[in-house]
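Each of the two complexes below includes chain A, the first together with chain B, the second together with chain C.
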Partner chain A sequence: MDSDRIAEIIIAEIRSTVPELEAQPIARADSMADLGVDSIERSEIILATLEAIGLKVPMVQLHGPRNIGELADLLHAKSKA
Partner chain B sequence: MTRAVGIEAMNVYGGMACLDVKELCLHRGLDMPRFENLLVQEKTVALPYEDPVTFAVNAARPLIDALAPEERARIEMVVTCTESGIDFGKSLSTYVHAHLDLPSNCRLFEIKQACYSGTAGLQMAVNFLLAQTSPGAKALVVATDISRFALADAGAVEEWAYSEPSSGAGAVAMLVSDTPHVLRIDAGAYGNHAFEVMDTCRPGPDTEAGDADLSLMAYLDCCEGAFRDYSRRVENADFRESFGQLCFHTPFGGMVKGAHRHLMRRLYKAPPKEIEADFQSRLAPSLAFGKRVGNTAGGSVFVALAGMLETVDIDAPMRIGMFSYGSGCCSEFYSGVVTPESGERLRAMRIPQALDRRHRLTIAEYETLLRGESVVRFGTKDAELNHQIVPDAWPVDAAGDRLVLDAVVGYHRKYIWI
Partner chain C sequence: MPSPRPDTRPLVVTGIGVASGLGHGKDAFRAGLFEGRSVFAPLARPGRQRGDDSPPFFGVEMPDPPSILPPRVERTAGLSGRAAVAVLDEAWREAGLDRLAPERIGLIVGGSNLMAREQFLSLRDYAARLDFLPPRHGHVFLDTDICGLCASQFPIRGFAHTIGAASASGAAAIVAAVEAVSSGRVDACIALGALQDVSLLDLQGFRALGALGPGPVCRPMDAGHDGFLYGEACAALVVTRPEHAGGTIYGRVLGTGFCTDGSRGPEPNSDAQVRAAQDALAAAGLVAADIDYVNGHATGTPSGDEAELATMRKLGLGHARVNATKSIIGHGLSAAGAVEAAAVLIQMREGLLHPVSHLDAPLDEAFRWVQGVVQEHRIRHALKLSFGFGGSNVALVFGAPEGAAA
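Let's look at the complex of A and B:
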């Protein structure tokens, strides 16, 4: 699964966790915080994405990405490791 | 069978003043749906003449007053647990010991590990008793913390964001002994999870810093890791089945909800409806006091325990699960048994009534306190406290049973009973 596919999964999880964003265009360069996703929702989205791609890593290892694209790249790198 | 040991008596003290958190959020222009997710209604605000010592002593005094002289004479250890220290060397426990007039053959010390400190203190006391080095001894463990937004840098309001409405103040005093009327600890039933992380910290005597996302992630990792370590030690432990109620460290209710949801998904792939129903029945009662005092740091998991005991009708012995997390970080999942007597003893402390008596600060009064002019900073030498900074907060019906800070002479804090 490549980084773009992982980004699609993240975006789908954002839409299902925060229904108000369902109709809004969301791209790799967007940050969840700027989209109005709060910290609890952000952790929910990351957990759901981990489940969807079958990756088991500590949450704290996923801290740092500034936008959806960077998060997808990090998850992609972790899933290859 | 292992010896009975645990909490004999417990009290929560929520200070002399509070603030309506919804009013604060409206005043700050914060997003209201997000505010609802905090699950906080009021927060205790420490007045300038309140400090971690006054909170600790005021929490403990009713427990000590209720003891017979021979029982009081068996208190052989006083542990204060805090991240709100007032000195780098001298521990709060010395002041607490003095103002409660406790025996001189006492071991006094302080524990620091962010919000985990209270559990570390309780476990120290429990293990002191289990070791039987002084049969029949009692220990006083007090978790006491305040947050002082008054001491932030100018213009920091925006940075505080949601930490300002959730940060509170309070102390929990626990008498730990071999007659555990409130909570009998399951000796040996615990699990730890710890690693180095820079999620929240107090880098200077009067400053706090943190990363909300990283802290939440560490809390979630720890909740799962500590429970898995618990189930490695305790045969047939089951998060869903083994505990009638759960009491978690509560920075704000929403974080507890997130951690519970995470665990229920990870362990059982539980659907959202089941998770919500389980949260409402096994965790929501524990929020009863936390939503009135805000985050009390080291005491928070015991504020949750007290809230549960206040609100749940316990008709038979029940095992409860406790989860404590302290930034930086260390965590522990442990358990104990409560009985109908636990609820009766806790309710006799009349904690809700004491919280109702707090002065409700207006936003104008709160902002006066925020200017911080009357606050005694860490390391202050020589000061007189202004007891009339918020005139309406000073009790008119004072009965001589509440401690407040009066002055600092040299570096020595002087307190008075009012």
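Let's look at the complex of A and C:
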């Protein structure tokens, strides 16, 4: 699974967690904070993504990414490690 | 003589929101009570079935609460939270609470362990994948999440907390709301009897205790009574000073009594029930002879009904009309005291009393039961009794609004 596919999963989880964003275009360059996703929703989206791609890593190892693309890259790297 | 209350003008109830198996809102509640329509059925909500060949649990489940919350919030709110927001919205609008400063409004949610069914389902769903448990489970399992949910959607900034007294929780919330307004801490306080969302474990526990009836109906105060049946319910009542009442004044809260009897379990205590009622009457400056209507706790358990009948005999209430709202909507547990207080006030306003469903052979013919169909009755002073496991005994005395026809 490549980083773009992981980004698609993240974006789908964002839309299901925050239904208000259903119709809004969301791209790799967007950050969840800028989209108005709060911190608990963000954790929920990341956990749901981890489950969808079959990855178990502690949340503390996932701090740092500044946008959806960087988060997808990090999850992609972790899934190959 | 009871000592005089610091403020001699009784508080009033100005807004009511109700949800039950009869539907959402006061219109559905009023129509259902007066029609005496039966809504008991096998419990169908997930997490309430044994999944074996044992008999189903009978009771009452409400239609889905109306969608009031923003979608991102609604998806994180459980049934108890959504029902609470629905009744709060109805009561809030009716009382016109937007006129008051948020810091002068309080919320007391009656009930504890309110969301057991959703925890039960989560444990089942996530048992094999706990690492992926959504993080909101770290706060939404708390009963106080209902307080937080309500205060996040309505401008309540005085205080918001829970109060637990088992099946007397809803009535205890009214007592606490009265105290909060009487003391001047806030100008209006919402007493909310929360929906107790019971799980299979709770139902089986009640069955094992011998408290839960087999169904398909429950028969409070009837010779055929065989236990209570659960009924989903939720109600909010706005308690305020007469000068802050913006809308309909349903009635006055004349006195309250709330005592414990030292029992830990489910056993009732008639002496303490009498004491709670006498305390409420004394606070109201009334005697039992002034009470013309009693809304019983009346669950339909043999020991509970007998103890309550003894209580009403000791108090001398043979002259008063008596009915039992649980015969129609089931036992709301945490919500019962609040939803039944709402029933008292709605009957007071309509000048009608709802019948006790399935009351064919009253255990004590000396009382003036409301049997058969709805009956006209101008309530002047009502006594609402509410008791809870763990020894909680609550009594509320309501009076007709000032100026109402006597």
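Just so it is clear, the second predicted complex is superposed on the first by the 81 of 81 C-alpha atoms of A that agree within 3 Å, B and C clash if a C-alpha of one lies under 4 Å from a C-alpha of the other, contacts with A are read in each partner's own complex, and residues count from 1 in each chain.
Note that in this section a contact is a pair of C-beta atoms (placed from the backbone, for glycine too) under 8 Å apart; a residue touches a chain by one contact, two chains touch by 3 or more.
Predicted, not measured: the structure shown is a model, and the values here were computed from it.
Asker: Following the superposition defined at the top, how do chain B and chain C come out on chain A, clash or fit?
Answerer: Clash.
Asker: Just checking: does A:H63 make contact with chain B only, chain C only, both, or neither of them? Give me first, second, both or neither.
Answerer: First partner only.
Asker: Using the touch definition from the top, say if A:P25 reaches chain B (first), chain C (second), both or neither.
Answerer: Touch status of A:P25: no partner.
Asker: Quick check on the superposed pair: does A:I40 touch chain B, chain C, both, or neither? Answer first, second, both or neither.
Answerer: In the superposed model, A:I40 contacts both chain B and chain C.
Asker: Return first, second, both or neither, reflecting whether A:E51 touches chain B, chain C, both chains, or no partner chain.
Answerer: both
Asker: Can you check which stretch of chain C gets into chain B in the overlay, out of 80-88, 116-124, 170-178 or 296-304?
Answerer: Clashing stretch of chain C against chain B: 116-124.
Asker: Starting from the residues of chain A touching chain B, keep only those that also touch chain C in the other complex, and list them.
Answerer: Correct list for chain A: 40, 43-44, 47, 51.
Asker: Mind listing the chain C positions that touch chain A in their complex?
Answerer: 70-72, 75, 129, 131-136
Asker: Considering the complex alone, what residue numbers of chain B touch chain A?
Answerer: So the residues of chain B touching chain A come out as 31, 34, 37, 195, 197, 211-214, 216-218, 220-221, 254-255, 257-258, 261-262, 265.
Asker: Any idea which chain A residues touch chain C in the complex?
Answerer: 17-20, 40-41, 43-44, 47-48, 50-51, 56
Asker: Which stretch or stretches of chain A touch chain B in the complex?
Answerer: Interface residues on chain A, with respect to chain B: 36, 38-40, 42-44, 47, 51, 58-60, 62-63.
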